[in-house]
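Structures are listed in the sections that come next.
Note that chain A is present in both complexes that follow, paired respectively with chain B and with chain C.
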Partner chain A sequence: MPPFPGSALSLLQNMNSSPTSNTNGSTKSRPRQLVQARAVQRFKWSVLSVLIVVLVAVLFPVLMLQLYFSFHGYSVYGGSWWDAEFVGLELFEEVVTDPRLGWAIIRSLLFATGSTIGCFVIGFGLALLMYRPFRGQAFYYILFILPMLTVPIVIAYTGEMLLYQKGPVNDLLSSIFGRQVNILWLANADTALLTVMVLEVWNWVPFSFIIMMAGLAALPDEPIEAAKILGASKWRVFVEIQLPLLRPVIVLALILRFLEAIAEFPKAWSLFQGGPGSATETIPTYLYIVTWQYFEISKGAAMSYVILLIMVAIVLLAIQILRREKIGLDQIYDSRKETTA
Partner chain B sequence: MNRNLKRKLAQYGKYFALSIWALIVAFPIYWIVATSFKPDRDWFAWPPVYWSEEPTLNNYAVVWADHKEEYEGGTQYSHSMQKPWKALRNSLFISVISTFFAVGFGTILAYGVSRYQILSEGRMFQLLMLRMVPPIVIVAPLSLYYSTLHLLDTITGLVIIYSITTLPYSVWMIKSFIDELPLEIEQAAMILGASRLRTLWEIVFPLVRSGIVATFLFILILTWSEYLLALILSKTEVATLPVELSKYEGSVEGRVYGRQAALAVGVTLPLIAIGIFIRKHLARGFSFGMVKR
Partner chain C sequence: MSNKISRRSVVNGGLTMAALSSLPMPRMAFAASEEEGIIAAAKSAGGTDLKGMIWSNYYVAMKPTVPAFKQATGYGVGSIQDISVFSIPQRAMAEAITRSPEFDFFHLDSNMIPSLASAGLLEPLDKYMDKAGFKLNAVGNFGNFMKYKGNTYGIVTDGNVHVHMCRKDMMENPEEQKGFEDKHGKKMAYPETWEDDQRLMEWFHRPDKGIWSSGNLRNRPNGVTWWYMYFYSAGGFPFDDDMNPTLNTPAGNYAVETYLNMKKVSHPEAPGWGTPQMIPRIASGKIYSCQYWDGAIGLNENPKKSKTAGKYTYGLIPGSDFSGKRMHRSISSPVAAILVNRYSKNKERAAYMAMWWATQKNSETIVGDNVNTFHDPWHVAHFKSDKVYQTYKAGLPAINSCLQVASPPIYLTGLLEFQDQLAKNLSEAYVGQRKAKDVLPETEKAWKKIVRKIGKKKLKAELASYKALFPKVNVPG
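Then we have the complex of A and B:
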C-alpha cells in the first residue's frame, strides 16, 4: 500500500460509502433528519477536502520527485536536475547492494531495540515503585519527567560535556570505584553506539514511565483485591493479574518508543556525525550523509525509497497491533468508568 | 514486629532506588546549569569543576545580551551576536503558528470524528503514519520541492510541514478529550433549542477547553525541540533555536561549553515550565490519547 497520498486518495473513494448521522432523536420527523444528514455530509466534505488538498499538495509532488530522482542519475555537480540522465534501476541496485546501508539498518534495529528495552525496563520499574501514593510522589514524578522535556540537541551537548575523556562522569566513576576509570565514551568505535543508546535511554525513560504510571493507575482494583484475599503472593498478583491486564499499555509503550528510536537523529548526529569510522551510522544519519555530505541526491532518493517502503511496512504492522490493543485499552477505561460511576 | 521491620526495609529500599535514579536524572541537568555559570578556564579543567568558585553571568551576557567581551585568550566569539534572539523569535513564530494550525484543524476534525465518524477507525490509524514514518525519508525531495516554491528557508515552509507532522497528535489527543464528554449534554442543549454552532461554542468548547490547551502546549513542546526538519529546511535565514544551538558545535572557535550551556538553559527552560504545567496530560499526548489518566 502506498504511503500518504495513497491513503488520502482512498479516503476519497471511501467517502460516499459510509453512512453518517448518529444523532437522530426518535421524535424527529423524516425531512428534518434528512436535512441534518445533509448538513453532516457538507461538514464532513468541507473538513476532509481541506485535509486531502493539503496532503496531496505537499506529499504527492514530494513522492513524485523522489521517484524521479531514484531513476535519474543526478548529483549537484552535474547540471540542472530536470535533464539528468535516466538510469533505470541502476541506483536501486547500487542501494540494495550497498553494505553500508545494510549495516546502518542493522545498527538502527540494534539501537532501537536496545534503547526501547532499556527505557521500558527502567520506566516500568520506576512506575511500579511509584504508582501508589506516597510521601514525595509529586516531587519524584516531576523530577523524573524532566529529561523528556529537554531538547534533544541539548542532551547531546550535555552528554558531550559529561562524557569526554577527562570529564565529570569518568571522574565520578573513578571515585566510586576507587581506581582510575578512563572510558572513551566519545572516541571509541566500539562504544560510541552504546553512548548514544545511553543518552537515548536517559532521554526517554520518562516516556515509558508516564505511560506505565497511567496504565497502572487505570487498572481495576477488584481482581487484585480478590486475588490478595485468596492468598496470592505479591509476585503472583503481578505476574498473573497485573501483567496480563497491562498488556495493551505495555505493547503501546514498546511500539511507540521503538518507532521513535528508529527515527532518532539529533543526538547521534550532533555528537558523532556517524563516526568514529561508521560506528554510529544509523538509518537517518547515513541517509543524511549521502544526501547532504556526499550530495548524491539520486542515490539518497533511491535509498529513501527503499527505507520508506521498509518503514511503511513496519508502521502498518505497528498500526495493526496498536489497533488490536486499543480495544483492550478502551475496555480498561470503560470498566473503570462503570465502577466509578 | 518482624513484619513491621520488613515493611520498613522495603520502604527504605524504594526510596533508595528512587533516589539513585533521581541522581542520574538530576546530575546532567545540574551540570549544564553549573557550566552555564562557569568562567571559561573551568570548562575543561581537570579534575572537573563541579561548582565554580567564581560563578559568572558572562556566558548569559555574551549569548543573550550581545555582550562582546574579550576572553582571556584574546579571541572573541563572533558567532554569538544577537543570533539567539533572532532564533528565539523564529522558533516562537514557527512553533506557535504551526501548533495553532494543527490544533485548530485538529479540533474540528476530532469533533467530526468523535460525533459523526467522518473518518473511519482505520483511516484514523492511517493518519498516524504522518508521524510514525521517519521524516528523513522524504525530506530530501521535500527540500527540492520547497526550493522551487521558494519556501526553503522560510517560516511558512516549516509551519506547513510541522502542522502536518503534528496533526496526528492533535487529532487523536483532542478526540480523546471530546470522547469523554457525554453526548447527552449536547443533545439536551439542542433539544432546548440551541443551534448546532451555539451548542459547540457554548457547551462543547468550554468543556474541552482545558484539553485543547493541554494539546496546544504539548504540540508546542514537540515543534519547539524538532531538529531534523529545521536543520534541512531552514539553516541560514530562519534558523530555529535547536539549529542555532547546533552551530556551536565544531565551529572555528572550538568548543565553547559555557556559551552552549547558557544557550541550552534558555532553550530548555520554557519547555520544562510548560511540561510541568501539563504533566497530567503528557501520557495522553505521547500515546496519541490512547492512555488516559
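Then we have the complex of A and C:
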C-alpha cells in the first residue's frame, strides 16, 4: 500500500488550523493562567495527600506484616506468629522452585493475554460502531456496559448455566454449524481455562469499549476530514489516521485490562476451584490454596511478594511503553502547535 | 373420697414405679431429664445471646428449637454469620490466627477438629458435658468423630454418611434381570462389592436414553471422598506408625483403579460437577446408582421435589474382598458439628446451646425437617423416630448400617492440605493430565513434605485419635 500523503503525523504537521488564544501572547491572561495552575496544583495535592495517608496508614503496615511473615516460618499450628522462627530467604527459595507456581504463572499469563485480546477486539469493534451519535445510542450504550456492572460471581454462575454440554451455547453453535456441537466447556481440562477466558471477556468487554469510545471521541476531526477530501477510503482513514492517533489509548486499554485479568479469581474459583485436574490453577487460585487451604501463611506471604515483584516489573514495562506513546503523541501535537504558530 | 394415703398404697406405688422404670418405655422421661440437665447447667452460666458462624441452610432447621432454650435460660442465638459450611474452615482458621473472641461457636466439618484444635481455637467440651450430664448417643462409633486426643471438641448436628442408592424400578424389570443373567451368568442383585456395583452400572449405562449410570462425583474438591471408601474397604490406611505415607500400596492402587474405572459410566461433565449439578440428576432419575450423602434420600423420597420417590432402594455401601476379608467402609465428610471458640467469653454458654441441639427431642426436630434435609440422622433414637422416618422412609435402615461402618477422611492436623494434594492428583489422572500410576507416588512425595512441615512427632501423637474413628465392624450387624 503506497504511503498516504495525509497520514496522521504528516497531516497534523502540515495542517493550517485556526490560531488559538494561547498563541496571541496576551499579557493579561498570564496571571490568570498562574492562578489556574496553582489551583490545579492544590487540587492534585489534596487528592494525593489522602492517597498517601491511606497508603501509609493501611497498606504499608500490611505490606510490612507480610514481609515479616515472608522471613519467618510461622505455622498456624505452632503458637503465636510473633514468636515464629526467622528463616531468612528459605521461603522465597521454596516459592521460586515450586513447579506448581511456575505452571500457575504460565496459566495466568495465557489467561490474561487471551482475555485482554478478546476484550479489546470486541470492545474496540463496538466502540467503532457506536462512537458517532445515532438514534437510540444511549440504549445500546447502557446495554453494552451492563456486563461490567454485574458481579463476577453472577457472571460465573450465569455462564455455567449457559455452558453445560446440553446448554444454550452448544445449542446455538449446533444450529450455526448445522451439526451437533458438544463442547465440554466446564469439564474438559483442555477447555476449562478458555471457558474462564470467555466469561472474563463477557464481563470486561465494556471496560475496553468505554476506553476506546472515549479515545475515538477525542480524536481531532480535521485530519480525518482532510483525508476524506483527498479521497481516502474509510479503511485507509482508519488504518493510517485513526489507529496511529489511538495508539496511546489502545496501549492504555490493553495494559489496564491485562493487569486486571492477572488478578482474576472469583470466576475461576467459583466454577472450577483449580480443576478439572489443575487446569485452572492460576496465580490467585494457587495463592488462595496455599494460604487458606494449606494454611501456609508464611509461604503465601512470600509468594505474594514474588508475585508483587513480577507485577511491578510488568507495570514498569507498561509505564515505559505508555511514556513512549505519550512522547510520540506530544510530538505530533507540539509540531501541530508550531505549525499553527 | 378420702385424701389419706396408706402405707400399703405407697409401697405398692413404689413397686409399680420401680417395675415400670425397668421397661424400655421411659424415653420421654429420659429426654426431659436430658434437657433439664442442660438447662440447669446453662442457667448457672449466666445469659448473653450468642454469635455463631453457621450456614443458614443448616440453621433454618435448628432455629425453631432456640426460643425454648432462651425462655428457660435467658439467652439464645443473637446473630449468625451466614457462610457456606465449605468456607467456614478458612474463616474459623482466620479467627484462630487472630485469637478473636468475636464468634462463640462455629458450625463446620468436625474433621477439621485436629487442625483447629492444633491452632488453639477449640474449647474442650467434656467438663461442660459432665456438668449438664449430657452424653452424645450416636450410632456405632460415630460419637468418636467429635473426639481428638481424648477430648470432645464438637457436638454433632448432622450424621452425614454416604449410603448406596440404586434404582429399584430398573432392577426389578424382568427383561433387565434376564439380560443381565444371560451376560454375566449370575442373577442381578443388590451390589455387595465395588466390582458388583461397577458391573451393574455398566449394564444400566444408557447415554442414548439420557441415563449416565453413575451419580458419583468426580470433580476435584469432592471426588476424593469416594476414593477413601475404596481405599479403606481394601484394607488401606494412609500412614504407617512412623507417619510415612502408605498410599502407594496394593490397596491404594486398587482404590485408584476403582476410582478411574467409573469414568466409563460417568457423565462426560462429571469432572466439573459438584452436588448442585448431580443432585438434580439423582432426583430426576437420570442415573442408575451412586453412593451419596444421606440427605439425598430425603430429597429423593419427597414427591414434591423429586421424580424418583419410591424408585430407589437404599442400603449398605458396597465393600471389597481385596484384603482377603469382606470390608465395608463408608465415609463421613463433612460431618457438620458445633465447635466452640476457646477465646469466646461465652464459651460455656455456647457449649450448652450446642448440647441443647443434640438432645434426643431437639435433634429429632432438626433431623426430621423434611424441607431442608441438611441434617441427617445420627442419634440412636432417630432410627426409632416416626418423625425422622417420615423424611427418610425406606432409607433410614441404610443410614443406620452405613453409620456403623462410617470412616473419616484424613483425621489429622493438615486435613485440607493432605486432601487437596490427593484430590488434585486424582483429578488430573481422571481428566488425562497425569498417568494413573503416578498419582500415588506423587501424592506420597507431597505428603512427606506436609508431614515434615507440620511435624512428624505431632502427627504421630494424633494417629491414635484418627484410628479411633474407624468402625469396629467390617460388616454391620
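What we mean here is this: the second predicted complex is superposed on the first by the 257 of 341 C-alpha atoms of A that agree within 3 Å, B and C clash if a C-alpha of one lies under 4 Å from a C-alpha of the other, contacts with A are read in each partner's own complex, and residues count from 1 in each chain.
We adopt the following convention: a contact is a pair of C-beta atoms (placed from the backbone, for glycine too) under 8 Å apart; a residue touches a chain by one contact, two chains touch by 3 or more.
Keep in mind that this is a model prediction, so the values were computed, not measured.
Judged by the touch definition given at the top, the superposed model places A:326 against chain B, while chain C stays out of reach. By the document's definition of touching, neither partner reaches A:238: not chain B, not chain C.
In the overlay built on the shared chain, the residue A:187 is in contact with chain C alone; chain B does not reach it. Contacts of A:277 after superposition: chain C is touched, whereas chain B is not reached. For chain A, the partner touching the most residues, choosing from chain B and chain C, is B.
Applying the stated contact rule after C-alpha superposition, one finds that A:69 touches chain B and leaves chain C untouched.
Look at A:292: by the touch rule set out above, it reaches both chain B and chain C.
Residue contacts after overlaying the shared chain place A:131 against neither chain B nor chain C.
When the shared chain is aligned, no partner comes close enough to touch A:92: not chain B, not chain C. When the two complexes are superposed on chain A, the residues of chain A that touch both chain B and chain C are 81, 292, 297.
Interface of chain A with chain C (complex): residues 75-78, 81, 164-165, 184, 186-189, 192, 271-279, 289, 292-297.
The touching residues of chain B, counted against chain A in their complex, run 14-15, 17-18, 21-22, 24-29, 31-32, 35, 44, 46-48, 50, 105, 108-109, 112, 115-123, 125-130, 132-138, 140-142, 144-145, 160-161, 164, 183, 187, 191, 196, 221, 224-225, 227-228, 232, 241-242, 245-246, 248-249, 257, 260-261, 264, 267-268, 271-272, 274-276, 279, 282-284, 286-288, 290-293.
Taken in their complex, chain C has these residues touching chain A: 90, 93, 96-97, 115, 118-119, 219-221, 268-273, 413-414, 416-417, 420, 424, 427-428, 430-434, 450, 453-455, 458.
Remark: chain A residues 3-4, 7, 11, 14, 18, 20-23, 25, 39-40, 43-44, 47-48, 50-51, 54-55, 58-59, 61-63, 65-66, 69, 81, 122, 125-126, 129-130, 134, 136, 140-155, 157-159, 161-162, 166-168, 171, 202, 207, 210-211, 213-215, 217-218, 249, 252-253, 256, 259, 262-263, 265-266, 270, 283-284, 287-288, 291-292, 297, 300-301, 304-305, 307-308, 311-312, 315-316, 318-319, 322-323, 326, 329, 333 touch chain B in the complex.
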